[in-house]
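In what comes next, chain A is part of two complexes: it sits with chain B in the first one and with chain C in the second one.
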Partner chain A sequence: MPIHEEHLIRPENLKTHENLVIDGVDVSGHWSTFIESRVVTDYNEAIEEEISSLPGGEFIHRCWQCGSCTNSCTVNAVNPEFNPRYWIYLIRMGMESELLRDRDIIWQCVSCNKCTYACPRDVMPEGVMKATAHWLELKGHTPKSPSTVFDEVFAGQVIETGKIEEGRVLRHFLKRTGQPMIQPWLVEMVKRMVFGLPLKMLIHLGLANIFRPRTSQWARARSAINEYVAEKEDEHQTALGLDDLVELAKQEVTSKSTPAGE
Partner chain B sequence: MSSGKNYKKVAYYPGCALEGTAQAYDRSTKEVGKALGLELEEVKNWNCCGAMEVKNIDPKIQTYLSSRVMSIAANEMGHDVVMAPCNGCYHNLKKAEYDLQNDQESRKVVDRISTKAGHDTYQAGQVETIHALDWIRDEIGEEGLRERTKGALKGLKVANYYGCMYTRPRHIFPEKDQGEGSESTLTPHFMDDLLAAAGAENVDFPLKTACCGGAHTLSDSDTSTLLVTNILKAAEASGAEVIATECPTCHSGLEMHQIRAEKNFGYKSNVKIVYFTQLLGLALGLKPKAVGLHENISNSTDLLREKGIA
Partner chain C sequence: MTKPVLIVGGGPAGLAAAHSLASIGQKCILVEKEDRLGGAPILSGYAKLVPSGEWAKDAIGGMVSRVENNKLVEIKTGTIVNEFSGNPGSFSAKLSDGKTIKASSAILSTGFTHFDSVNKPEWGFGTFENVVTTTQVEQMISSGQGVRCPSDGRKPKRVAILLCVGSRDRQIGREWCSKICCTVSANLAMEIREELEDCHVYIYYMDIRTFGLYETSYYWRSQEEFKVKYIKARIAEVTQKDDKLIVKGEDTLVKRPITIPFDMVVHAIGMDPNVDNMLISTIFGIDLEPHGFIGKQNSYGDIGATSRPGVFIAGAATGPESIDDSIAQGHAAAMSAYAVAQGAGKVAAE
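For the complex of A and B:
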């Protein structure tokens, strides 16, 4: 018999036998496909608590697995592997290694909040996606995603000056992600933009690069925000049990800078 | 739905995009206001609301950033209404309002940073945040627009695109979904109503609140291009000649990925992308230059001229 919804099973867990005889009965053909049985022993029960300690993850415990989030999800519609309901399940079960198989796509959530809109339990799945992506990075399971790099470049500029200048964010982002500034579509866009613009505008855009927009008397807000960010980072580090690691890394750095034999 | 407050003179929060890539939206909003006799007073020395990025570093900083804008409008300028034409700003101010109303922890953080930054803490309820759509719809109304525009957009087929931030998540917009006269979060219609009042023919567009991938427009461009392609295709399939926008991120996302879809994936589309304020401005008899039509990347001048609109 064919297996229904075969696409829901990972290909490596499907076993098809060419010729199969069970208890003397030849079941080759239709009856020859099986799902590999498996035993999970490596539960990591700390994951749910760790992810709920990060911003956005607070309400993960409310989930009752209805699937409305995945059903309404923008990214799921273009990539069926992107499955918020399933990841929430894995996190709550502590099935870390399963979760890690999808580590490279979780950050792709576009924050459209279709899931939040659909969720009957106010889990705020959008937040859970962000917290999970953040968790993967903090734990060192993934490098910083392009999205995180962008958030950092952007937030960095806001905290520094109070405002954003888009051209600058774009340049910094491309630089930090190692992409060339000359992207064919970008060139085409600038061409069409320049085409329609009066000289006055161009001068204005040019000047914006020199006179960066900023909020005046921002310095006190900046230091208050920075102080808060630093505190939060420490809190997250502790919640994820990374304190010892960070301590170790610090010692490593200091011992390396001390000359040998002393 | 009208809160009963007067929108004739409101605090105006343009936000960073309207100072940068979306100058045309800023210009057309101001010009439309002038033509309608509505007054905008820009929030003094405003800061970025945090857009879609700062919340991923920490949501409470975003709440602080938005609260500072509202605090200035209320405490330094004496306003009780802030109008934000950008969906991102509008969303974040609403979100901050909700959090400050409902979350003790957010209140504490905002109070702490505000005190250190040296300004009054914003108290929930001091201002009402509205979108440019509410502003025109409530103060001028469909009837008022009908009289002033005399069906000027007649014959123009429009797909109204609202994006994500204007309606989601629902809980930060308590005034929506309140029946007759209020905005719907599932099938928003305020822009449809205004443009229809100005004579436009709104097409049946199924992707009004679809996502353009704006949050990852640069960090995951291919996904964004794919999402925008779906929107462009749906608009063309429903017979639209233009997509009307009410958000600078959606607008520039559509423009950018329309080009990217053509350059990188060979999908060419003809539908034009225009701010709803530009269409209303033209309908009110303003010159194309005055509403910044030439500043759009998507060139709609020929089409609108052909139709006798520009």
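For the complex of A and C:
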């Protein structure tokens, strides 16, 4: 049977068989195309619990689906596929496969927080978007986004020295995201800095890059922060049910490092 | 001494009317067809009431004993009114115990009847053991037994509450909103979550009508503190597979058919007109409104007036009503009846 408005049907739900006979009736070929139904057959309660355990996702259960977040969304205005209301629902009902279909859009949130101020129930949709992107990364559904890499580089340096040196952050960020160090906008910026900034400041910048100054007596603060970060990471790992996976990976590493024949 | 006021029905509205009248020195006779007072909250074994959270047996039980202990209230349980005649100030009622009483006026607080879910067979009540009504869940809680699947006594892991069962449904001739089921269901959902931490509760709704201040204390609270999930869908059918109930419908927010397994399905049953309303209408000579509840004569001047002067109504006899509003109407009808008893009623009625 020819299918009208075929573009509305997901291609993977169209089933055509080369050779198929059901109860003696030949249903092979294009004229016997089946459309697979998209019935939701279960709720997966774990996903809401997982995402609400990540920072930003705590209030997702408050959502009553009014759509204020989507209506106020900056990204939605550019990309109608970007729909926080819809994702919040998928998460709440545990429709994981549907959520994963949009894995390459969810990270596009620009954190303008217009939704935060529009939401009548204080769901904090911007936080939910952040938590969801984080969840996708932790679960291995998406690679680390550039902004996650930036956060790591930035926070890593603060934790290490108690200070920030922008030049170093930028260099490490570009390196880790595989971007070239020489970029037109960067060259232009450095040029203007060299000509425009007072000499004293330039010297200061240069020295800071060579000597990497630290906040005095930073070591205690650093160990406290590291301890806290490790604790939080453990919490998230447990909440997302990743403990077993991590354990497996550890064992794999150990078994590989063990010389063969022992 | 004026003739007593006849009060028919010993639920919250009737109890409030009796207490009101007695407290201003007016004698009254309270006729109740069941063998004890208290009405639906007591007879059907409700658990914690909206909005106070008090147990029904304490809150309404308190109203019962207050009336029972009042010498100005004569109580006749297990009794109905068979005949009623006369005019405001001098009515005469023949009771089922054979006695005839004189009354100056009458208050009908005859209440409602719970919708019988068997009339929505597609939702499985009466077919599958684990499909129950809100009243049954109330009883599970109030009896101390706890919320359990009737089939095998197991603790449910997932419960669906279907709203508007016997309400807002032209298919079965019930076009009214029963007003209290949304709030009651949110209340029950919280009680289930409180008792069974691992049990997820889903409420299937067409609209949520937790009116007025119940918005925050029931609708919001059930979501924010108890993580109850609300799904906008009217269920098509409930079937059974092994020990699970399969709930079919359309999740309207994602335009997707759903067939979800549940351990227990709860019907949030609505309020029907009292099954005896035709009889009551005939005996007392009063009109019913189009849905079958007892008709109100006007909404503002005298809210308890029926089509017959000197006969007043209060509570869920007039349409779906909350307990606190029924009590308020009981007090209001008492005031109107008192005016007739004191001889001022004739003027007011005209």
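We take it that the second predicted complex is superposed on the first by the 199 of 262 C-alpha atoms of A that agree within 3 Å, B and C clash if a C-alpha of one lies under 4 Å from a C-alpha of the other, contacts with A are read in each partner's own complex, and residues count from 1 in each chain.
Rule of thumb we're sticking to: a residue touches a chain if its C-beta (ideal position, glycine included) is under 8 Å from a C-beta of that chain, and two chains touch if they have at least 3 such contacts.
Predicted, not measured: the structure shown is a model, and the values here were computed from it.
Novice: Based on the superposition on chain A, does the combination of chain B and chain C result in a clash or a fit?
Specialist: Because the two structures are overlaid on the shared chain, the partners are seen to fit without clashing.
Novice: Contacts for A:T41 in the overlay, against chain B (first) and chain C (second): which applies, first, second, both or neither?
Specialist: After superposing on A, A:T41 lies in contact with chain C but is clear of chain B.
Novice: With the two complexes superposed on chain A, say which partner A:L100 touches: chain B (first), chain C (second), both, or neither.
Specialist: A:L100 sits against neither chain B nor chain C.
Novice: Is A:A239 touching the first partner chain B, the second partner chain C, both, or neither of them?
Specialist: It touches nothing on chain B or chain C.
Novice: Count the residues of chain A touched by chain B and by chain C, then name the partner with the higher count.
Specialist: If we count touched residues of chain A for both partners, the winner is B.
Novice: Going by the contact rule set out at the top, does A:L138 touch chain B (first), chain C (second), both, or neither?
Specialist: A:L138 contacts neither chain B nor chain C.
Novice: Between chain B and chain C, whom does A:V149 touch in the aligned arrangement: first, second, both, or neither?
Specialist: First partner only.
Novice: Touch test for A:C66: chain B only (first), chain C only (second), both, or neither?
Specialist: Neither partner.
Novice: Applying the document's definition of touch, where does A:R92 land relative to chain B and chain C: first, second, both, or neither?
Specialist: It touches chain C, and chain B stays clear.
Novice: Check the residue A:L20 against both partner chains and state whether it touches chain B (first), chain C (second), both, or neither.
Specialist: Neither partner.
Novice: If you've got the overlay open, could you tell me the nearest Cα approach between chain B and chain C in whole angstrom?
Specialist: So the smallest C-alpha gap separating chain B from chain C comes to 16 Å.
Novice: In the complex, go through chain A and note every residue touching chain C.
Specialist: These residues of chain A touch chain C: 37-43, 45, 61-62, 64-65, 86, 89-90, 92-93, 95, 98, 121.
Novice: In the complex, go through chain A and note every residue touching chain B.
Specialist: Answer in residue numbers: 55-56, 74-75, 78-79, 108, 110-114, 116-117, 124, 126, 130, 134, 145-152, 154-155, 158-159, 162-167, 170, 173-174, 177, 184-185, 188-189, 192-193, 196-198, 201, 208, 213, 215-218, 220-221, 223-225, 227-229, 232.
Novice: For the complex, which residues does chain B have touching chain A?
Specialist: 16-17, 19-21, 23, 45-48, 50-61, 64-65, 68, 109, 112-113, 116-118, 164, 167-170, 185, 210-211, 213-216, 218-220, 223-224, 226-227, 255-256, 259-260, 263-264, 294-297, 299
Novice: Residue numbers of chain C touching chain A in their complex, please.
Specialist: Touch residues, chain C against chain A: 158, 200, 202, 220, 223-224, 227, 229-232, 251, 253-254, 256-261.
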